[in-house]
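Paired with chain B in one complex and with chain C in the other, chain A is shared by the two complexes that follow.
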Partner chain A sequence: MFSEELKAFRRLGFRHVLLQALNFASVIASGLMIWKGLGLLTNSESPIVVVLSGSMEPAFYRGDLLFLTNPASERYHNGDITVYKIPGADIPIVHRVLETHDVKSRGSSVPNQRLLTKGDNNEVNDIELYRGLSYLERKHIVGKVRGFLPYIGYVTIAMNDFPQLKYALLGGLGLLALIQRE
Partner chain B sequence: MARKKTNGPEISTAVSPEDSASASPPSPDRPLGPLSLPPLPPTHDIVKVNTMNAVELKNACNDALKRYLSRPGLFKQSYQHTDVRLALGWLSVFVAGGTGLYGYKVEFEQSKPVVWVGLILYMLLTFTQTLYAYFIEGDIVFVGKRKTFSKRIITERITLTSRTCPVSFPPKSATVSKPTDKSIPPQYALALSYVRSTSANKSLLAKGKTQAVAPYSQFFDADGKMDVAVFERWVGELVEEGMDGKDK
Partner chain C sequence: MHTIWSRINNISALLSSCMMGLFAAIALSSLAQQFFQAPLDPSSVSITSLKVAPGKGKQSKVDHALVQFELDANLTPLFNWNTKQLFVYLDAEYTNSKGVKNSVVIWDRIVRSKSSAKFHVEARQKYAFRDVTGFRDSAATYTLRYNLMPHVGALVYGVAGSTNNSIPFPPLAKNNV
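What follows is the complex of A and B.
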C-alpha cells in the first residue's frame, strides 16, 4: 500500500523526508502553542473543559464544552459557575458558588476570597469533595464559565474511554501530513 | 542524423550528442548546455500522478526538473532555501515542544513568564518563516551553480521558478462566440534567470532571462504517466536559450 510513497521518499532524498516530517511536527506545535497562548490570555490553566458529570443539570449536561476565563483582579460572586481543582485530585469540578467570604489581604492583586460551592443538581454543598479543606481559595479556581457548546465534549470523552481512538486519529493525521505535499 | 535507442522502455526517442554539437556556440567559452548531454537512463521509477490534481502535476514536473538539472555534468543544486526553511521550522517546533514540556512540569502561575517567552519566540520564528517564504523564496524551485574551466574559471548561476496557470478560457470575441471554443487546460509556467561570469564574479559574460508555458497535457498522458524525455527536452531548450543570453 505504501510502496509508492516509500519509493518516492527514496527518490526525493533525506531533505524531503525532513520537510514532510516538519509538516506534521509544525501542525502539532502550532496546536500546542495556540492552547498555551489561550491559557495565558485567559489566565486559566485549562481554558476549555468538558463536563463529565450531571451535577449541574439542567444548566450543563455531560458532554458539554465550557469556555473559562480567570481574570486575576475580578472578584467572584454568588451564583458564578466556576471550575475548580482540589490539590491531589486530577479531575476539575464544575459547580456554582454558594458563599464568598473576604479575607483582608496585604495589597495583593488577586482579591483574597474564600468560596463555598454546590452543584445545582446535588442535594448538599461540596464540603465532602474538598478532601479536608473547609473552603476553596482563589488559587484552586481554574476559571469562571463564560460560555458553552453542547455535545461537542463527547469527542473528548470517547477518546478518553477508548484510547485506541486517540492513537488511530493521531496516526491517521500523521500519515496524511507525511504523504501529502503542497 | 543518427538516433540512439536507450535501454528504457518508456523513452522511445533520444537526442544524440551530434545534433547540438553541430550548432556552433555563440561565444567561444560557452559551457555545455543540458541538451548536449545524453539523456538520463531511466534508473528511476515511472512517474505516475493523478491528472486531476494540479498540485501533483506541478510537483512531478518540479521533481523531474530538479533531477534533470542536477545531473553530474550539469548544475549543482543549492539547498539554501530548503535549509533555511528546515532550520526555522524545526527550531520553532523545538521551542514549542520545550515550552509545552515546561508548562506541563511546572505549576501554572509559576510557569507564566517562561511560557510567555516561549510563545513570543515561537510567533517570531513563524513570522520570519512566512516572510522568508513569501518574499525571498517565492516560486523558486531550483537554484543551481556550476564551475567550468576553459581558459579561465567560469561560474554559472541559474534560478528557476515555476507555477501553475489554472484552467482559462480564450477571450470571447464580440462578434463570433463558437460553442466549440475550448478552454485551455492547466499549464506549467517555467521561468529562469541565468548568469555567467568569470571566477569571483569579476566580469559578466552572459545573462539571460527566459520563460515558457506549456500545458500539462504535453507531458502527461491520460493515465497520468509522465513522458520524462519530452519534458527534459523542453526544459533543456529553455535552459539553452537562457545560456545564449536571450531575454524573453
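What follows is the complex of A and C.
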C-alpha cells in the first residue's frame, strides 16, 4: 500500500526529511512569535480568546472570537466587557463591568480600581464566581474586549467537545505532510 | 500539481481570504458611517425620586439609594448594516466623602432592533445601589450610555444623554422597622 511512498521517501533521502522537520519547526516558531508579540503589544496574556459560555448572549455566543487589549495606564469603565481570571479558577470569564470604585492608592497616580461584573444573560452579578473575593482588582483582569469576529473560534470548541475530531485532524495533517512531495 | 488536494487547498484559501476581506469591509464601512453621521439627539434623563435608606439585617451599616427615573431616548440612528444590538445602561457617578470615585450601573436594557430603539422608560433601578461609607454630602450624575455591538468588528461606546447637573443624595431616611 505504502510501497510507492516508501520508494519516494528513499529516493528523496535524509536531507529532505530534515528540511521537512525544519519547515515544521519554523511554522510553529513563527506562530508562537506572533502570539507572544501580540501579547506584548496589547499587554494582555492572551490577546485573542474564544467565548466558551452563553452568559453574554445575545452579545456573544459560544465560539465567537474576541480581541483584547489591556493598556497598563487605562482605567476601566462601566459597560466595558472584560475578560478576567480568578486565581484558582482555570477558565477565564468574559463579563461586563457593572460597578467601578477608584480607591486612591498611596504613591501611585493610577488609582487602584475595584470592579464588579455581571454577564448580560445572568440575573445576578458575579460575586458568587469570585471565590470569596468581594470585588475584582486590576491584577485579575486579562483584558478589555475591543473587537470581535463571530463563530470563527468554534473549531477549538468542537475539538474540545469531540476529541476524536482533534486526533483525526492532527493525524490527517501529519500523514499529508509525510506523503506530500512538493 | 493538479491533484484534488491542491484544488481543495486553493479553493479554501481563496474562500477564507474573500471572507476576511468582506468582514474587514463591513467593519470599516460601518465605523466610517458612524464617524460621518450627525450626532445623536441627546436623550433626556431625569430622576423622579431619590431616597437613601439603611440596609436590613447584616447590611445595616450600608446605605442603599433608591432611585426612580424617567428616560426618553431615540437611538435609531445607531442602527446600520453592522449593528447587532445596543447595550443601553444608566450609570450613576459620584465621589463619596472618603474621596473614592464610584460609578454604578443602576439600570440596563438590550436593544436588538431599530423599532425598539426609540423608548420612553419610567422605572425604578434594576441593580442595588449602595455605599459602605454612606452617601452623605455627595451628589451623583446620572448618564445614559450605550455600547454598540457590531456583527463583526470593533465595539463602540458613547453617551446618549445625562442629567445635566449632579443630584445630591438626601439625608438618610429614618429606619422605620
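The definition used in the following text is that the second predicted complex is superposed on the first by the 166 of 182 C-alpha atoms of A that agree within 3 Å, B and C clash if a C-alpha of one lies under 4 Å from a C-alpha of the other, contacts with A are read in each partner's own complex, and residues count from 1 in each chain.
Just so it is clear, contacts are C-beta pairs under 8 Å (C-beta built on N, C-alpha and C of every residue); 3 or more make two chains touch, one makes a residue touch a chain.
In this text the structure is predicted, and so the values were computed from the model without any measurement.
Judged by the touch definition given at the top, the superposed model places A:P58 against chain C, while chain B stays out of reach. In the superposition on chain A, contact is made by A:E45 with chain B only, not with chain C.
In the superposed pair of complexes, A:H77 makes contact with chain C only, with no contact to chain B.
Applying the stated contact rule after C-alpha superposition, one finds that A:L32 touches chain B and leaves chain C untouched. By the document's definition of touching, neither partner reaches A:A89: not chain B, not chain C. Look at A:E99: by the touch rule set out above, it reaches chain C but stays clear of chain B. In the superposed pair of complexes, A:L175 makes contact with neither chain B nor chain C. With both complexes placed on chain A, chain A has more residues touched by C than by the other of chain B and chain C.
On chain A, the surface touched by chain B in one complex and the surface touched by chain C in the other have residues 182 in common. On chain A, the positions that touch chain C within their shared complex are 58-59, 77-81, 96-104, 111, 118, 120, 125, 145-150, 176, 180, 182. Of all the residues in chain A, the ones that touch chain B in their complex are 7, 11-12, 15, 18-19, 22, 25-26, 28-30, 32-33, 36-37, 39-40, 45, 139, 181-182. Taken in their complex, chain C has these residues touching chain A: 1, 5, 23, 27, 84-85, 87, 89, 91, 99-105, 110, 112, 127, 145, 147, 149-155, 157.
On the chain B side of its complex with chain A, the touching residues are 44-45, 55-56, 59, 63, 79, 82-83, 85-86, 89-90, 92-93, 96-97, 99-100, 103, 108-109, 112, 115-116, 118-119, 122-123, 126.
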